[in-house]
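These notes open a run of structures that come right after.
Okay, so subunit A shows up in both of these, paired with subunit B first and subunit C after.
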Partner chain A sequence: MFNRVKTGALAALAMALATTSACAAEKKLTIGVADALTGGGAVYGLPQANAVRMAADEINAAGGIKVGSDTYKIDVIAYDDKANPTEATNAVRKLIDRDGVKYILGFCCSGSTSAVASFIGNENAVMLVGNAAERSITTKKIPNLVRTRPPADFTGQAAGTFIARKGQKRIAVIGALDVGFYAQYVDSVERELKKVGSEIIAREVFTLRDRDMTPQLTKIRALNPDAILVVGYVESAAFVYRQAVELGMVIPRYGFTSGSEEQFLRVTTSEQMEGVWDLRPTELDLLSASKNGIAYHANYSKKYNASPSPSSPYAYDQLYVLKAAIEASGTVDDTAAVAKAIRALAIPSQVVMQYQPVDGKMFDVNGQAYTANGAFQWQKGKWVFVEELPSDAKAYSVFLSTLN
Partner chain B sequence: MLIEILQQTINGLAIGGVYVLIALGLTTVFGILGIAHFAHGSVSMFGGYLTFFLVTSQGLPVLVAIPIALVVGFLLGLLIEIIAYRPVRDANHINAFIVALGLTMMVEGINLQMFGHEQVVIPTGLSRVFRLGGVTVPELRIYVIIAAIVLVAAMMLFVERTKTGQAIRAVAENRDAAILMGVNVKSIPLIVFGISTSLGVAAGIMVGALFAIAPGIGEGFVVKGFAVLILGGLGSFPGAILGGTVLGITESIAAGFISSAYKDVIAFVVMILVLLIRPQGLLGRSP
Partner chain C sequence: MNRTLTFLAWLAAFATLAMLPQLITVKYYLHLSILALIWVIMAQGQNLIQGYTGYVSIVGAGFMGIGAYSSTLLGLHLHLPTWVTIAMAPMVTALFALATGYPSLRIKGHYFAIVTLAFNLIIVIVLVNYKELTNGETGISNIPKLWGGSRDAYFYLVLLLAAFLTLLAALIARSRVGEILLAIRQNEDLVGSIGIAAWKYKLFAFVVSAMYAGLAGALYAHFQGFINPEIFGVAQSLDAILAVILGGSGTIAGPVIGAFLVVFLPELLRFADSFRLILYGLILVLATIFMPIGIVGVCKALICRLSGKGLRHGA
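Up next is the complex of A and B:
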């Protein structure tokens, strides 16, 4: 009898030890990425997906995410949403329903992101939006959605002030104006221009698939503008800059693109780009980057044998935000608690972008983060950070809260 | 205003040249073999990618890379005919149709696997711009227009003046009669696909140099190519030339004077209007 009890006790102890060991064992947390990995949006989406993978590798190498006595190693599943609303919906459904993912990152492009944002509120998941700049993504008060990039019109206001200060009176706009956030950017610019008596004299449109912008530019050239403003994806904008030179348009060129030197030089030459302004969130630029930014650039370049796009750290930062929130909330299962913890976070020390906190927190009540805006100019083959554009995150946050 | 019209016309001529080459390749295959070769756009883009690869990865001068790509294009055309279309030549038309769709997906997939998903631009080093009055013409566009004219002329000479060209026309007119006249009809589809694919490759190179090549771009061009085919008249070489030029210039002028937002729509509206007046196309024969 005693032996049987002893054996039973030993077995129970062994089981308990095994269970404890299993509990403390390394666990896996699968993170989903839905982003444009091919097609026109890939210039933003692919670097974002790469950035998430790099952050995951770094976090894993540093020991993973610690939740109580557990340690989670991150596994990343990335699906291509082709910047298309239907594909994005399918990709996210697959992540949630089939892969059982609860945290979804990436989201470079507004149309596809808005489609997912429309249903994510009903899901047991947290959505962290990156480069997608459409304002309405963070006006719907979705509790389980946050965005690391500021809305386009937050930047447009600062850009408009900058252009107005330059003294040009007649500005012609050419861009993907059927995309909501580009139109919002231009509207903000126009409001600032009007304050000093300047005006937008033309709004020419191109689609994301267009590569020949000479008809629109010829039309603009006939209007004799003082400057042009180009709003669109990197590739389309690069064609505009190149073809404007080919049409002999020697006027200031402003833009809102967030492309790296490498991305522009695939389409145009450095000479054709000389003097172009990019008025955008400060994002990643070595001349203005923090220590984290410089390290990010070096690590990314080494890992992927290509320079990171300026906007890619939005996604890199997402994962560090998520890590901090999971550790703060002490759970990976309770997505509501994690979502709440994200909104309560101060800016994590590992992030690359230079965020402007609102009330001491990284995200405002709308789940929106803000970065500084900057004026960059192409000088001798590279983007040079010239100056920071004055931007009031707090005031914009109040404005954003009034929208539905 | 006059300068703007001239500028838009010149803008449209270069892209019109590309449409002409795509449409000539399509019309050759469709007119002679009755196949709607949807993969033509993807094959064209393969040619552009190949040239880019030869120039950037192999360090070949662009003028060396282009003839290599054209020859590879010709051989690829032979391969497509033998592997894809020959087995269904005598079957129902729907079979060739399905093969064409499958081939499109396959070539797109091959392009993606071999050359990646990124947009590429073929570096030519041609960046000078010429100014004539108020009209500006980039050097590259001049070469594209000249190259298109030379290729079209060569194609026309080949079809009109050579024995093989005569045989191709004979098969197009009446296959059975051509057999009776001793034409080797087995070799005609091979030659047709070879030439057609070479023309497509030339168009792909032009697109890659003028604009860019990226996954999915070929689909747009093949749609425009078929539009040109219908506009010019099915199976008509002069029709393809006229249709491509008209479509290129119409797109450019429509974008400049009406709205760039409806560039494609306006071009297709013109096509529909032409067909309402001349259902057989601009230079097509009445049934």
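Up next is the complex of A and C:
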């Protein structure tokens, strides 16, 4: 009789344990991604969404996010915002209101990101911005918003110093200058050029949908510049590089694009790209990458059968930042506590980008992270990391804090 | 009897919409409903010039942008209350519409469409490049919202305005002015030959249409809290044209149905991921080919066939 009771009690205990562990295994944390999955911005947005999914798979495979005695497996919902402000608002409203998502990642493009940033401060949610480079996104002091990519003018300052050092005096700019952050990048370059007596002699504009830039290039060629600076999305910039060669412009070509080799080679040839400089955040490059970066490149290439775009780890890192913050704050429900924990984080060991901490933390008081900037040159079919560009994250952070 | 039925149908539609904030548990759908009601205002205006007068204007979103920016900038720089700036937005837009309508309405057909398309492009170029005023492509954030951003309250404001402006459009359509507009659509030369200055009526339709768009823009700006030039591009003007065609050109109910379709359809198709826009485009193409008279037109034709009566125009 006693044995039967003992057996029954043990069976009940085993069932209870099994039920408890089953409940723990079933806990799910849904993460939202709002990004440009179609249209011109998809060259940045799609790899970002892929990167978040890959990070989620890795975290899930490693056991998930641990909050006290609970373990959360991550589920990712990604919506296309077409890099359009109205679409982005609709996508985020759907994530928050319908899907009950509290953590939203992605955000490759500035216009759509700014639209969401304008109301996210009133929401019970945390927004982690990736590739969107418009400076004003992190000047509003929104407590539940952080960004992994540095603003464009932080990079522009470093790029200007590099170009000035090369000794070219008359630089012609051609780019998507009606896009705010590209204009901010060029303004920063110009400030640095003026310090050494160099100047920008032309600012020719193309729109993000333009493919024939020969009129602007012909005009620039007539001015006989020492170099050209190209700022724009990958595809447009690739057309400029190609058409400059076709027009016989044998001068140094600098750029700010963050495109992968694959993306450029869809438009131009390796020969036409030879010698082009890309002056941008160090981002992902096999020659400059850390161990994490090399592993990220290999895993991404294997999973998606394509190379990751250099900027895609901004989104990958977002999820590891979020994981660390949730585990540090010990909650998934209290978004204010998680947002606060993000600001207090040291750089997590799993991130791919090479962040420069400010006061020992990954994000400064504005919610802004900084990566090193680098000079990359196209050499024989590859982007080659040549040197790191001097960048003072602390000084820029102080400057950013003064803006509104 | 017919009029009574129509009135009751409108009343039922209004009552159903008025109950939406109570019926909808997921606020995302309320968000979309507010956008759709803003598009109802936009589409009713578009219908006046496109549906009744027969002039396809591709500057609707541009005028919407003028309304959005004027309301925002008047509030930011002159510190006027938001409801005052919303009220002023259609007036400012009307001034621009007068200036652009007078020369462009001298031409007809495709040429008019092309000229208005050019105006939309110019408006966007100015919004992008006049950075000192508009902040360029970066846009303007933190635009003041009414009632602390309460979506329920804003829904009722937009619903009342959409209902009032739909009623106003119906009154215009049924007035002598509306009849002349319809006559211009049918045969403009004939209208001129009986001594009616058609250009005055065309200009009236164009300006009123722009005022509707300007108000829609102001309502959009104070709802979303953010504007930039991209929102007011040619693609959005084409959406306004589509709303009128899909719903039923030259009808009062058509733009209402069409506005809800152009807002809800792309959202409902999100399940299709990257095929969403292909699917959306396909639906629009098929709808335009097989329902050139729009949903309202198809419904009317069905009712007429069932009741054995002929189809009336412009009802």
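Everything below uses one rule, namely that the second predicted complex is superposed on the first by the 378 of 404 C-alpha atoms of A that agree within 3 Å, B and C clash if a C-alpha of one lies under 4 Å from a C-alpha of the other, contacts with A are read in each partner's own complex, and residues count from 1 in each chain.
Simple rule for what comes next: a contact is a pair of C-beta atoms (placed from the backbone, for glycine too) under 8 Å apart; a residue touches a chain by one contact, two chains touch by 3 or more.
Fair warning: this is a prediction, and the values are worked out from it, not measured in the lab.
Clashing of subunit B with subunit C is the outcome of superposition onto subunit A.
In the superposition on chain A, A:178 contacts both subunit B and subunit C. Of the two partner chains, subunit B is the only one that A:218 touches; subunit C does not reach it. Touch criterion not met for A:160: it reaches neither subunit B nor subunit C.
Touch criterion not met for A:255: it reaches neither subunit B nor subunit C. By the touch criterion defined above, A:374 reaches neither subunit B nor subunit C. In the superposition on chain A, contact is made by A:122 with subunit C only, not with subunit B.
Legend: residue contacts after superposition of the two complexes on their common chain; A:79 is shown touching subunit C, with no touch to subunit B.
When the two complexes are overlaid on their common chain A, residue A:38 makes contact with subunit B and with subunit C alike. Overlap of the subunit B and subunit C contact sets on subunit A: residues 37-38, 178.
Subunit B contributes residues 3-4, 7-8, 11-12, 15, 112, 117-121, 127, 129, 131, 136, 138, 210-212, 214-217, 220, 251-257, 259-261, 263 to its touches with subunit A in the complex. Those residues of subunit A that touch subunit C in the shared complex are 37-38, 79-80, 82, 84-87, 89-91, 93-94, 96-98, 110-111, 114-115, 117-119, 122, 134, 136, 140, 178-181, 183.
For subunit A in complex with subunit B, the touching residues are 37-40, 42, 46, 178, 204-206, 209-212, 214-216, 218-219, 221-222, 235, 239, 245-248, 266-267, 269, 271-272. By the touch rule above, subunit C contacts subunit A in their complex via residues 26-29, 31-32, 35, 128-129, 135-139, 141-143, 149, 224-228, 230-231, 266-267, 270, 273-274, 276-277.
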